[in-house]
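Next come two complexes, and both contain chain A; in the first it sits with chain B, in the second with chain C.
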Partner chain A sequence: MIHRILALALKSGVATVRYPRQPPILTEEFRGFLVFDPTKCVGCGACTRVCPANAMNLEIRGNEIVVEYFAGRCILCHLCFYACPFGALVATTSFDRTTTNFEDLFDRVAHEGAACPSCGSIHATKRLIQFVDLVLKSEGIEIEDRLRLCPECRRIEALRALNAFRIGMEREGVEHGVE
Partner chain B sequence: MGSAARVLETLVSSGIDRSRIEVLDDRTLLVEVPRNELRNVVATLRRLGARPRTMAACDDRSRDGVYRLLYVYAFDDLGTTTILSVALDPRKPVAPTVIDVDPALDWYELEAWDLMGIEFEGRKLRRLILPEDWPSNLHPLRKDVSIEEMKKLYKPLATWRGLEIGADSVALIPVGPYHPALHEPELFVLYLRGEKVVDIDYLGFMVHRGIEKLAESMTYDKVPFIAERICGICGYAHSVAYCQAVEHALRIEVPDRARYIRTLLLEVERIHSHLLWIGVACHLLGFDTGFMHTWRIREKVMVLAEKLTGSRKMYGINIVGGVRMDIDSDKLSYAEKVIEELRREVPRLISATISVPQVRKRLSGTGILEKSDATRYAVVGPTARGSGVPIDVRKDHPYAAYGELSFRVPTYSEGDNMARTMVRVEELEESFSIVEQTIDALRKVGGWIANEEYEIVPGRLGIGSVEAPRGEDIHVLITDRTTPYRWRVRAPTYQNLPALRAMLRDCDLADAPLTIASIDPCFSCTDRILILDLRTGGVTIRSVRKVVGG
Partner chain C sequence: MLSMALSRRSIWVFHLNTGSCNGCDIEILDALTPVHDVERLGIKLVASPRHADVALLTGPVTVKTLPMVVRALRAMPRPRAVLAIGACACGGGIWHYSYPHLGGFENLRKLLDSMGIVIDVVGYVPGCPARPEAIIDGIIKLVTRKEGGSR
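What follows is the complex of A and B.
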């Protein structure tokens, strides 16, 4: 027994490293914690929708919209990383978030909120609206006014427009006589 | 294939009404069984050699006004699954017990009572899973019980104790229990006469997290990630089983390349898991040098997994319809290199650990599970194959790419700890070969890695099963519009643990830890279900509880 295992031990030498004094054995493929690139994030919330662990959240705080990453819940799946349309999440190979300060587990980007001109509620980030507007304009679509409305007011607006249109049609029908 | 047709003929000739049998596909039959005929049908199936795989209790009141029990049986030699569906009264669901005709279903009935409130006539019912201080008429898996409501209604005893000592918040930390084998929460009570074990009780289910309930509010593509966390050793098998259940239910065709990638990773997982087990066995024998060297070699497999998927253990690359990351040719070459090393290192390791006389002596002739008991308890995996029951989901009910690969299913008839060990040792060899075959295939098979064009149809039933390192994982799934309607997970340890009673009987006390470990138990998988962490007004309460085995 002894001689067999001894032969094995001598042959294999030292297999461990002195972590944390030496760097750990990690491959470059390792999916580690994420950090925001605040210059790229527009606060669209795509990352929060795909996250299976609710580690990414979008919150309205006063006039701001905050995208918040909580490393304490993150399961390092990187779904958010692939979902972000703006490349605003940077994947690292860091795995160690040991800390005595709870706050260290958060990473946040705060965005200026856009208020709905009709009801005043904060419903999206200014950056997102600017971005969408730019894209639409490049397609020749000018609906900036409608974009600024919150989804609720936008719906009411659309219904109103539809109604006006219908009434218009009915009048026309009356004038021209429907068979 | 037509194997479903053959089973259909057999069932009809055994007296089951033809009009009650529905052929779901060429491998699956669904039989509508009236309540009062259930016992007969179960007895008939067992007589015909069918193996009980799982049973799922479903609250179908909102779908068709009843509670329903789904008993899932396999004719392994024909690769066919037969599901018995029994409708029960929506106001007072009562079913006849079947444990006298099929003893392997004992825990399933207790669980259906505990979590779904289904009564079983003709047996004693007791709590299996929920804590003893859980409200008595609160059955968590019923559709009209919400997670929020449970948090309000469950007041653990610790709350009162906390108030008694004047604390405004209490953290209750259970110290122990009690790991005779793997370092996990479980308690075995052994009854001894002298040095010989005469009986055992198992107290478990201490780490329920409520994931089956939780998944009912998660979209289909998020569940694989929680499914993978059912087990910290063979979680990928669970994630595949879940995806396969959805794919079966919704008839989603998985692209070839994805099937091979899943197969490759399942075998990588098996290799690390079996090596882990050999290490633990050495450790339990007090042979820690053997443990260290096994794990030194296993580490190469962990690094390989990280290289292939981005994570050592939680691979996280499954989605419904395939996988979400490809494996390029550099990585395949790396995998090939690791397998080469393992082919050299593992035999040397075995000769320095398992094969040394001191270890052999402890393993041979201890913890014997007779073939008849193995069938009776319907055990799975290496535990079955060590007792001469040659079942293996990879062969019997092929999934992923296993149908296209060649491999052996090592089987031993002695039924002792040595037999189960040798099954695992030989399976390592087979896994090396399967990995090599999949590497070859992945170099040739191109195409998509996921099929994301599928339609979700509510009310469909799907079965997903995978041969995990410890035996068969089987998931039963019923679909709803955006989330699973019911997801029932059965891990292999759930099936194997009750057989320990037979294995430990008349065993020397000193051999008990090793025998318990010999089924390679995984308690967290077994425990998968309930809500344990409670936040009630900022207090995190954790309850310690006992469930006494039957």
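What follows is the complex of A and C.
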């Protein structure tokens, strides 16, 4: 019996991978941790919308908007890599985020926030607004002041404009939507 | 002192599932089976936390498992070491916003602190599931850690 087992063992050889002395077995398709490039990030928040584990977070802290990658919660789905329009998140095949220091699991970048000219609240990063400006200018679109407002003030402004328009129509005796 | 105490002898590990999906548990088994064979590094799986140096903790610490987890960690001799394996144990993972769990080992550690149960050193192995190679890395980092690195 033992002879037969020994013969089988000799025939099949050693299965053990001598990691860490030997490189790990990884395929090219392996989804590893992301490398977050703070210089490319504009703080648009697209990654935080798609992340199923909420490992990407966007938070307003005082005058700053902080984008945070928490590798400890990341499930390596790479959805954020496909969602990021600026290539700030680079997909790798590295699984090396092991640490004994909890803070090492976070990658953060703090963006300067842009204040709403009407209410003063921080609603977007300066970099994002600069980028939108650039795109609009290159398309030849005039930038209305209303675009600089925060979403809340923009809604109020739009309603005010609509109301003024309606009152103007009524004065001129135009019935809207009635034959 | 602690790393000396751990690195001078073989590491005995205890597998503690705190409500994980079993993905990370399979990876732990993968590290123990012949392909990675951690016994060649002196790492041995034991059946009781009383014999263990390191607890391999997987899962987000669900409310159901909490009493057993606390009992198991209290039973471990000092210096106690915990290796939090997987996205669940490190930061709550995909369960992060659901209700019946503590959301990972960091919150459990706060609870244990308030109960006077000291965890001397903690390692974090993120990934969903964590790779067996990463688990080996984690144990090595835990053992060779410089004093004052954690927390």
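What we mean here is this: the second predicted complex is superposed on the first by the 164 of 179 C-alpha atoms of A that agree within 3 Å, B and C clash if a C-alpha of one lies under 4 Å from a C-alpha of the other, contacts with A are read in each partner's own complex, and residues count from 1 in each chain.
Please note the rule applied: a contact is a pair of C-beta atoms (placed from the backbone, for glycine too) under 8 Å apart; a residue touches a chain by one contact, two chains touch by 3 or more.
All of these numbers come straight from a predicted model, not from anything done at the bench.
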| task | In the overlay, answer first, second, both or neither for which of chain B and chain C A:9 touches. | result | first
| message | I'd like to know which partner A:19 touches here: chain B for first, chain C for second, both or neither. | response | second
| task | Tell me which partner A:75 touches in the superposition: chain B (first), chain C (second), both or neither. | result | both
| Partner chain(s) touched by A:102 [first = chain B, second = chain C, both, neither] | second
| Between chain B (first) and chain C (second), which, if any, makes contact with A:27: first, second, both or neither? | first
| message | By the touch definition at the top of the document, which applies to A:132: first (chain B), second (chain C), both, or neither? | response | neither
| query | What is the contact status of A:83 with respect to chain B (first) and chain C (second): first, second, both, or neither? | reply | neither
| field | Which superposed partner A:53 touches (first chain B, second chain C, both, neither) | value | both
| note | The answer to whether chain B or chain C touches more of chain A is C
| So which positions on chain A get touched by both chain B and chain C? | 15, 52-53, 75-76
| In their shared complex, at which residues does chain A touch chain B? | 1, 4-5, 7-9, 12, 15, 25-27, 29-31, 52-53, 75-78, 82
| note | Seen from chain B, its contact residues with chain A in the complex are 218, 222-223, 225-226, 229, 289-290, 293, 296, 299, 303, 306-311, 314, 316, 324, 348-349, 351-353, 356-359
| Which chain A residues qualify as touching chain C in the complex? | 15-17, 19-20, 24, 33, 52-55, 70-76, 95-102, 104-105
| query | Which residues, counting only chain C, touch chain A once they are in their complex? | reply | 34-37, 40, 87, 90-94, 96-97, 104, 106, 121-128, 130-131, 133-134, 136-138, 140-142, 145, 149-151
